[in-house]
Amino acid sequence: MSDLVPFLELRGVSKSFPGKRSLVDLAMGRPARSLQAVRDASLRLAPAETLGVVGESGCGKSTLGGCITGLIEPTAGEVLYKGAAFASRRRRERSRIIQMIFQDPYSSLNPRLTLAQTLDEVLRVHGLRAGAAERRDRIDELLLMVNLAPSFKDRLPHAFSGGQRQRISIARALAVEPQIIVADEPVSALDASVQAQIVNLFVELRDRLGLSYIFVAHDLNVVRHVSHRIAVMYLGEIVECADADLLFEDARHPYTRALITAIPQPNPEQRTELASLEGELPDPLSPPPGCSFSTRCPLAVERCRMENPMIRRVAGRDVRCHRAEETGGVSQRV
Amino acid sequence: MNIRETLARMRGSPSLQAGAACLAALLLVVFIGPYFCPFDPDAIDFSVAMAPPDGTHWFGTDNLGRDVLARVFAAGRIDLQIAAVCVALPFAVGSTIGAVSAYVGGVVDAIVMRIVDVVWAFPFYVLVIAIVGSLGPSIGNMYLAFTLVVWISFARIVRGEVLVARRLEYVQAARVLGFGHGRIVLRHILPNVIAPAMVFAMSDVILTILGVTSLGFLGLGIQPPQAEWGLMISEGRNFIFDAPWISLFPGLAIIYVGITFTLIGDGLDDLMRAKP
Amino acid sequence: MSAPVLDIRHLRTSFGGAKARVAAVDDVSFQIGRGEIFGLVGESGCGKSATCRSIIRLFAGARATIESGQILFEGRDLAPLREAELTDIRGAAISMIFQDPMTALNPTMKIGQQIAEVLKRHQALSRSAPRARVLELLAEVGVPNPAGRIDSYPHEFSGGMRQRVLIAIALACRPKLLIADEPTTALDVTVQDQILKLILRLRREIGTSVLLVTHDLGVVAQSCDRVAVMYAGRIVETGTVRQLFARPSHPYTRALIAALPSTGSRRPLTPIGGAPPSLTAPPTGCRFHPRCAVAFEACAQVLPPAVAVEDGHSSACLRAADGP
């Protein structure tokens, strides 16, 4: 990667949500505990690059996606586009740069608008084509780009399957000609064979249009397939960020290693009765004082419990672990 | 939604069909009927005063010899028009306030909800009567009174719906696509959430008719000699034993309207619950 | 080999009223041995859930009829049993756990009570015995600090913990067969791993047979002994897990395996073209033939019978004898 101003950068982005206090808490004078959904996240994205963001429930990846698109306002840190604060731009400008694809195909389209109306509205609001005829042509073009027949354009969303609806959402996002697309679990709600079709579509569009993606998902195999680099999140923090293949071959953070070995591989020759990760996620309202993974980490020592590690560069990737140098080697069980 | 689709949907609910038929009949009779009625509702004729219903005067005459049928029709036109406005205004005002309040959230929402709570604490009729009573009986003051009191019901309903709709992914998509807030609320949220408010509007018509006729009954609404159902019932009070038809027929008219709109409201409710 | 715990023979179950009857389970046969974990794998709509529900007739209000076939549980046919007899079997001899742990527990009852409830229904225990037994069961399924959590409500537990509680309830009476319908689909991958390993361990300790329904071939490979692949209401291939992955003998199985994102490869994924057939009007002959890469004329005319590919491994394909 060049040393020029990064395309998209997140610097120390944090987001907390205020917790509720019951009357008892108020009476006892307990302060409100806040939920820190994202803590000190820093990332960079290059043009035409795909960054996968993975993690399990409660890791903050969806909130991070929201912070990048502007749907959620960070409580700290900044999002920079080509070196300048993204938030300083007007909303309409921002929407021409970063777009979003959502998880649930059944609620991501306005049920009362036909495909043509949905796409036409986007083109009109942004003034992207001169007249009604030009807009119609562009709508046909967009539908073809996502492998949908233009003859479908006067139908309502309920006439379409989940996979088709996701294609429509993709066409809607492409209509503004964005640079970056944040996809928040775009295939999780789809059947396996349909997932494959949509994933292929993502890759094809990226190669054709030179888009950058931030691909948020919990399915590591799918993420590995589309991403150049992958960031792993745990309890609101980015714990490791590496090239996709490097991550799978030689993950350095114990959580990443556990996550990878937990994936059930379709290979019956390699089986074990040992779970790859014991224990439960800590309460996000009161995270552990030191490293957030220390409560479950088999390599945790005293220092881990007292001091939250900073992200550092170890063996060609960024990792948040005091013992990253020691966890190396080809993928093994932790 | 086009006409064909609407009519097809209606087939799903017998209540709605019955209610719609009753309403059609009512409107036809009240607005077209007078052309077939040979009597002027204001024509006084002491020679036929207090006549019971017969072949000439189907609903009889009142103490001033005015034809009750003609007066029921004339009153119907007035009452229905006033009721329509007294529902439409709070519907529009309340829905808008509710939608904006839920969409903007925060302090604005908190303040609006406290105002709603305060107005809600007063009994409906007391407040309406108090406002009309203090400002003076006139149609304009009735519109004002109903709007000031009834908007809160619509506001609460629409607010609840918008709070949910705000979180839906297609609304979030509209935000990310850079659409203005006005467009998002008017084009993407309201059409999808207005249905419960419309169902409530139907039951509100009944409440409003009762309110308007009650004001008339108390002398705070339409003033004589104008025909108005409540007023007619009130005027007929003194003759309730000698000429009960003077109060009876306007009363039956009010009941008929109540049944009509109850059927429509139930029917719409059926349709909404059956929606895929 | 000892007698199977469950022997399903030519089961046919249909859903819907007279107008739109759909055979969700169409001539399904398989056997589950003692202490065996048997996987039933297929995409959504293939009939695997309907098969499970047919075994203990838990259709959750849907209008379903078991039209023909036998459901032999330890030699006894369950199909003709009356509801009263089935309730004695459910929870005691055959248990079931479902996909969504968030809604499967009663939110207003403490979890200790919910576990005790099944003990009281099927076993005659003294008044204080259930509590001790419940604590044992919670420890068995890996709930930390059982004494502290026995009086908690479901909302105080995470998804993975709730599924453990549900497994405790299911295994409380030591059933011979546990039916698990997509038990980990709604869980995160590390939690899924924990739950699957728990099921493996409990199978070893208690000896329960498990019918594990899933759409994930990885889960099958890691947890099951034998497996049957279902498509459009019919079984297309049966065998041990090793046999299935080493030598997939049905085009659908091969296509499923090929569609998985394989580690490291950046080639475009190969989805299976077309869509699963509507069960109201299935294709003539082999149900998969419209999407099959190697179909020929006879495939559209004849419903292929299951033929043995090797010992214990069969495939319902006219071309099963051809190599991969």
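In this document, chain identifiers A, B and C correspond to the written order of the chains, with residue numbering beginning at 1 in each.
The working rule: a contact is a pair of C-beta atoms (placed from the backbone, for glycine too) under 8 Å apart; a residue touches a chain by one contact, two chains touch by 3 or more.
As the structure is a computational prediction, the values presented were derived from the model and not from experiment.
J.: Can you list every chain that touches chain B and also touches chain C?
T.: Correct list: A.
J.: Going by C-alpha centres, which chain is most central here?
T.: Going by the distance between chain centres and the overall C-alpha centre, it is A.
J.: Between chain B and chain C, what's the gap in Å when you average each chain's C-alpha atoms?
T.: About 57 Å separates the centre of chain B from that of chain C.
J.: Could you state the distance in Å from the CA-based centre of chain A to that of chain C?
T.: Chain A and chain C have C-alpha centres separated by 32 Å.
J.: Can you work out the whole-Å distance between the CA centroids of chain A and chain B?
T.: Centre-to-centre distance between chain A and chain B: 51 Å.
J.: Which positions in chain C touch two or more other chains at once?
T.: none
J.: Can you tell me which positions in chain C touch chain A when the two form their complex?
T.: Residues 43-44, 144, 158-161, 188-194, 196-198, 200-201, 204, 215-223, 241-242, 245, 256-257, 259-261, 263-264, 266, 268-272, 275 of chain C touch chain A in their complex.
J.: For chain A, which residues are in contact with chain C within the complex?
T.: Going by the criterion above, the answer is residues 56-57, 161, 191-197, 199-200, 203-204, 218-222, 224-225, 245, 248, 258-259, 262-269, 271-281.
J.: Would you tell me which residues of chain A are touching chain B in their complex?
T.: Per the touch definition, chain A meets chain B at residues 69-71, 91-96, 98-100, 102-104, 107-112, 121-122, 125-126, 158, 169, 172, 176.
J.: In the complex of these two chains, what residues of chain B are touching chain A?
T.: 168-170, 172-180, 183, 187-188, 191-192, 276
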